[in-house]
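Labels run A, B, C and D following the written order; every chain starts at residue 1.
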Amino acid sequence: MIVLPLSHILIFSLVLFAIGVYGALVRRNIIGILISIELMLNAANINLIAFSKYTSLSPETGQIFALFVIAIAATAAAVGLAIVLALYRVRKTVQADEVNLLKW
Amino acid sequence: MTSDQIILVPLLPFLAFAANILAGRWLKNRAAWLSVATSSVACVIALPICWAVFQGAHFAHQGTWLMLGTVPLKFGYLMDPLSATLLFMVTIVGTLIQIYAAGYMHGDPRYSRFFAYVSLFMSAMLTLVVSDNYLLFFMAWEIMGLCSYLLIGFYFEKDSAANASLKAFLTTRIGDVGFLLGFLTLFAALGTLNFSEMNTLMAGAHGSHATLNTGLLTLAALLIFCGTIGKSAQFPLHVWLPDAMEGPTPVSALIHAATMVAAGVFLVARSFTLFMAVPNILPIVTAIGTITAFMAAFIALTQNDIKRILAYSTISQLGYMVTAMGLSGLGAGTFHLITHAFFKALLFLGAGSVIHGTHVQDIREMGGLFKKMPHTAVTFIIASLALSGVPPLSGFWSKDEILLSAFGAGNFLVFGILLLTALMTAFYMFRLIFLTFFGAARNAKVHAHESPALMTGPLWCLAVGSIVIGIPGSPFMHHWFQKFIAHMVHYPEYEPSGLVMACSIAVAILGITLAGVMYLKQKHWAAAVAKNFPLFYRLSFNKFYFDEFYAAYVVKPFNALGHVLFGFDETVIDGAVNGTGRNTLFLSEIKNWIDQYIVDGAVNFMGTAVYFLNSFVKRIQTGFVQNYLLIVFLVLVAFLILELKLA
Amino acid sequence: MTSHILSWIIFTPLIGAFAVLFVPKNATACIKWIALITTGIVTALTGYALTLFQPAQAGFQMIERGVWIPQFNVQYLLGTDGISFPMVVLTAIISLLACLASFGIKERQKEYYALYLLLETGMMGTFLALDLFLFYVLWEVVLVPMYFLIGIWGGPRREYAAIKFFLYTLAGSLFMLLGILGVYFAATPHTFDMTQLAGMPRGLFFQQIVFMAFFLGFAIKVPIFPFHTWLPDAHVEAPTPISVILAGVLLKMGTYGFFRFSYPLFPEATHWFQPAMAVLAIVGIIYGGFVALAQTDFKKMVAYSSVSHMGFVLLGLAALNADGFRGAMLQMFTHGTITGGLFLLVGVLYDRAHTRDLNGFGGLGVKMPAYAGFLTFFALASLGLPSLSGFVSEFLALLGSYQYSKPVTALSTIGIILAAAYLLYMVQRVLLGKLNPKWAQLPDINLREVLTLVPLMVLILGIGVYPRIILDYMIPTLDALLKTIKVS
Amino acid sequence: MNAIESLKYFIPELVLLGGAFVALTLDFFLKQKKLVGEFALLVIVVALCLAKAPEKPLPLFFGFFHLDALAHFFRYLALAAVGITILISLGYTPLKKRYEGEFYSLFLFMAFALILVAAANNLLMIFLAIEFISLLSYLLVGFLKNDPKSKEAAIKYLLFGSVCSGVMLYGMSLLYGAAGSIELSVIGDTLFFAPFKPLAITAALFFFVGLGFKISMAPFHMWAPDVYEGAPTPVTAFLTVAPKALGFAVLTRVLDSVFWNSQSVWSPVLVILSILTMTIGNITAVSQSNIKRFLAYSSIAQAGYILMGLAVFSILGRGAVLIYLLVYLLTNLGAFTVVLFVGGQTQSDSLDAYAGLSERSPTAAAMLTIFLLSLAGLPPLAGFIGKYYVFAAAIEGKFITLTIFAAINSVIAAYYYFRIIRLMYLTPATGPAFPAPSRSLTVALWALFLGVLALGIFPGFFITRILG
């Protein structure tokens, strides 16, 4: 079987992260932004797994870490969506560029 | 005999001052008697001591007043020929004038205030006379200045009086600051401010100047002389004295004729050793004195206010004294100081009595007063004769001494000018007399009457004084006075010369007759002269335009500078301060401004691309969470680069 | 009690302030008397301390030492000597008189007197603290009450004046704090204790830097020429008693700082900065004089005259010799009494006429003879009339500066002439000339006001006639100081 | 140390956790929601009493939970913050609508989370704890029903926070890769001789983003003003102090154990950030018109001062951070307590509401004045001690530019703090006098006031307690 070199995986995660960041910056829809954030978290996860695979010491830590991250991501999403919902109730919008009562 | 009671001499008048200023409201007319009593007691205490000094005694006593660095600055009194002479004069004249004033000021609302000031003045003057060091001298000197200020402005409701007082104080103040710097310099040079110590140092270093820093001493002498210029109303600071005539006449007599203005000359006499020790300072003194003497006399020719004429005559005579000092004629100068004190005080009191009787000051309003007020007239004429230098009156002897010292010193230019001045003196004095006491009354409204005995009494006393006070310096007593002064300091003396006497008598007679002709016989001459020599006339009548000059080139610029700097203060400096404050506000304002206009503008009508471009330009806090995030990432990148460089 | 006399002097006003806080708002008479009695007690305590004070002794006396913040080796260290004690006396007297003068104030009295007493605590502490940290704390304690006293009870532009005073001084003192910390860390062992710090050697460059830091703090307080613009505003807007405190005590805190801290801590730097300070001094003297000449507002005139007169203190300080120091020290005291008196007199007139426009007055000498007398007296004292205290101090300062530099002295004498000019010009515009009918009904100065003025007059006259009554307290300390800063 | 024996050092935390759940359930039964709040308070107090300082650092739960002096101090800090917040929330009317009980229990969870952060000693724990706090914060911010501002604040907080934690996590993952471990101490050692520094540095920077967000350090502060303004006042009060304080706790721990050796690289960054933070905070605060927003910016500036303590990398600096945090906690909570009171009376958070407060409610005005003066760092108040401490640290480290910037900033700060004081004392009142504040508010006010005063006058006592 072919073993990918670590660098490839890192680059892949970096790209994933960049996509997440880009999305977080340009998406209008808050849900979209939340999803982009998930991408960023997953990029990190890939890193963790990759490192735990490739670096000798304490291989399991990275994987455990990743698991926790997944859990956290889920809760974050839950909370996030709840808040979005609440916002929608009062503002009737989920567009990030329409919530700017608070400024300056 | 002990001499410490001398301390009472200045102290008693001071008590009178305190009493009058604090309890004046209750004292009322008793105020005058308080002052008179104290100064006469002072007189009684002083005279024996003076007498002892005349016999050749010499008293001094001092105590530490202040520590300068490590040297104690001692205050004390010094009774040597000079101070004895002045003490003698001041106590007598002062007392007489106060008696006169008791009558003259009668019924004035601020009666007690007046005598309070006069007593304070007496106290200061006496302190000055007996003081043994420059600092005490200066302190007394300044307080006299204050009294002069207060008394000139005594009728302060009159703006002219208020202005005159301010002018007098400030003008003399300029000289005083010079004086202050002068004795600071002296202290730097000699390490002492005490007269006797200075004299001994000077005497010791007389032969060899090596021991002393001549340059510094010259500077000191020059600066000290500034004090004289201010106080004795010498050119160019003489302008305050004529205006000082706004004060009550007794004040003019006491302060601005007999005593205070003479203090300047006294200062030179006190510093005489210093002036002798350093080269090329005496010529300056002479020059100043001569110029003053001539100029003032020249102005006096055309004045019409009786007191102003006398004022200018005073300036002129002070010029005489200063000239004498400049010609190193210490004896002559002091002698003239004393005689002048008597007859000039008399003249002023006479003038006062005239004003008191007629309530006018312009001599053109007067005339034919001789019959109406004989005592005044007679005494006045005696004084004028003395002033004009008619033998055997006191003025003749002293003036002759001065002329002699000029002549003896071979300084014929000065001698000539002084003679000319003497001529003018005789002329304007008798112009005054003829216009005032003789001829017909020119103003019907003036109802003259003789003054009360309270005022004429002192007049007669002074008249006697004016006649006899010259004797001690005259050949009849073999110039005892000059020798007496010479005990103290050595200075050149000259053989009496008949020629000088002749000249001085001649010019006196000439002046008087000229005046008689012009103002009793050929009345139109005066006008003719004025017409034919317009330049001279205008110069004289307008006092050489000194006041105008100072107003334009000193006073105005000063005030202007004040305003300019104030403007500077408010705009520039304060501006800078507020500026910093404003800028902070401004920054945050800008921030908001950009946020509100540029940003919103962008958001409202620009597409996404421009919107992103804008978010580069605009500042933070737009309310758009994504802009925040953008900045976060930008900064993140920036730091990444920075860090990777650093590492 | 005896052993803690200084603490008592500092904290009695604080106790009084609390007492005031517990009195109901509307019991104004009670509040007033509490304040007056407190300040009176402080004065009495000071008088008692005067009996304990040994003039001949140069070092610190009545030292009180206690640990405050062990981590920073900060001590509660009080002590006094010939430099601080005259200031304490001055503070006590001025505070008492100004408190009496405050009786004219009608609104929000409770707050006023509480803050007033707090202020006195701060001032006393500033002069008595020998621990740099403690000094800084108390120095700052002065600011806040002053802000309120100007800001609440001041004139029309009070808010501007108050905040300006506050920020200006705060800026200065923050840099001073940095300087203090610098000194602290430079010292081995780290300490704020003046009694130990004074002797320690420091590098010239370090000294220069830290001297500058201190200089900012003190110069703004004095105020020295370019930093003076808070002063006219603060003085003019502040209520009369507070102007008195400002002129009488606060300005002295700056020059005191030079004497107590800058000079002994940075002797070399002091010599290095001597010319600059001399120049600043004459600039201040002449500049202040000229600007005062241009004023039409009575109070502003007096304020600028302060700039000019404090210039003489700086002049004496810059002279770096015995006479200069004595002159400066004495000038600090006399300026406090004289200018304080002048501000009181301004207040007296303002309370009656409700204007300070000098050109609006005239001829009051007739209506208010007593007032005229007082005003003339203080004006004369201020212009340095011999036999009044102002003369002695200025004479000594000039004598000192003369030994340092002739031109400087010569120039600074311009200030003397100017002083005569603007003060007598003021006297003329207020008292002399025709009586402006508008003021025909003004009542003359009343007993309370006279009581506030007479003690000052006594001091002025006493010192003027026989300056040793106060100089003998200062001289040993000053000479000792001079020895310590002599650079070998 | 294994889980079982760790538990006996873990009692306060367990109490909090239990209390939180109990509070939740109580919420169902009790009609008087206020009681839930009082119960929560009780729990906090109990936890406070049970929490006792460890003699030596304890690696609880296999070293995941590192209970040392620092952690212990922050435990107290967190409990105090939560306790006071609950106390002042008791009188907070907008809560009355609904969910009041949950509100309090959320705060108990919050307390628990905070303590975890303080003790977290490896990347995983740090991440978990921070996320825990963040999630709770999002909820609390958006807690008010039908309040668009509150909801918007929550959204912004959520988005900004999540992105930041995403970045932080990414950084952590790289850090793990670079060091091969998630133990801070190990990371520190390995990073010092890191074969591939760039990766480590990148990782570290990403990591900082998350922390910077928590302590609202510029340029990651921009959420703060909006969120603080929108959130319910007690929550704002809480957010300005507690999460920030704990953020600093983590930062301190990380800097100490990871970056101490490479301070030459990190010190300049921190200096710049500190100057940036205080300057932006102050400059912007000058022109605010809403008191909460105003205090938000001021708290950003304060964070800048605290950063000074970290930037200098010295023992004194560490102490400065801790002291400053305590000072700041007392003072800021105090200020917000007054804001809460005034807001409750006037239904407005605009500065105009404070005009003539000295006449409408002298006590409140005096208190606020004291707190503002303390924020401005004037002696003899707590704020001065904090300022003094950081200045001292900076001067000791010869960070002259930093101190000068700080000094200038303090003057600006003084200016805008005095704007409020001016309003309260120098401008006439616009309305009638206020009724006296509720008992809970009064208690909180006086407690904080005395704290500020005591800390200012007897700092020695506290410093010994905190730094030993």
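Everything that follows uses one rule, which is that a residue touches a chain if its C-beta (ideal position, glycine included) is under 8 Å from a C-beta of that chain, and two chains touch if they have at least 3 such contacts.
Just so we're clear, the structure is a prediction, and the values are computed from it rather than from any experiment.
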Co-neighbours of subunit C and subunit B - touch as defined: D
Pair joined by the larger number of C-beta contacts - A-D, C-D: A-D
For subunit A paired with subunit D, centre-to-centre distance based on mean C-alpha positions, whole Å: 26
Per the C-alpha centroid definition, the whole-Å distance linking subunit C and subunit D comes out as 43
List the centre-to-centre spacing of subunit A and subunit C in whole Å, with centres computed as mean CA coordinates. 66
Approximately how many whole Å separate the CA-defined centres of subunit A and subunit B? 95
If you look at subunit D, which of its residues touch at least two other chains? 155-156, 159, 163, 167, 225-226, 415
Could you pull out the residues of subunit A that touch at least 2 other chains? 21, 24, 33, 96, 99-103
Check each residue of subunit C and list the ones that touch at least two other chains. 167
Would you tell me which residues of subunit C are touching subunit D in their complex? 67-72, 74, 136-137, 140-141, 143-144, 147-148, 151-152, 158-159, 162-163, 166-167, 170-171, 174-175, 177-178, 181-182, 184-185
In the complex with subunit C, residue positions of subunit B that touch it: 21, 64-70, 135, 138-140, 142-143, 146, 149, 153, 156-157, 159, 161-163, 165-166, 169-170, 173-174, 177, 180-181, 184-185, 187-188, 558-559, 561-563, 565-566, 569, 573-574, 577-578, 581
Which residues, counting only subunit D, touch subunit B once they are in their complex? 155-156, 159-160, 163-164, 167, 197-198, 201-202, 205-206, 209, 219-220, 222-223, 225-226, 264-265, 268-269, 280, 283-287, 412, 415
Would you mind writing out the residues of subunit B in touch with subunit D in their complex? 581, 584-585, 587-589, 591-592, 620-621, 623, 625-629, 631-632, 635-636, 639-640, 642-644, 646-647
Quick check: in the complex, which residue numbers of subunit D touch subunit A? 123-124, 127-128, 131, 135, 138-139, 142, 146-149, 151-156, 158-159, 162-163, 166-167, 169-170, 172-174, 176-177, 180-182, 225-227, 229-230
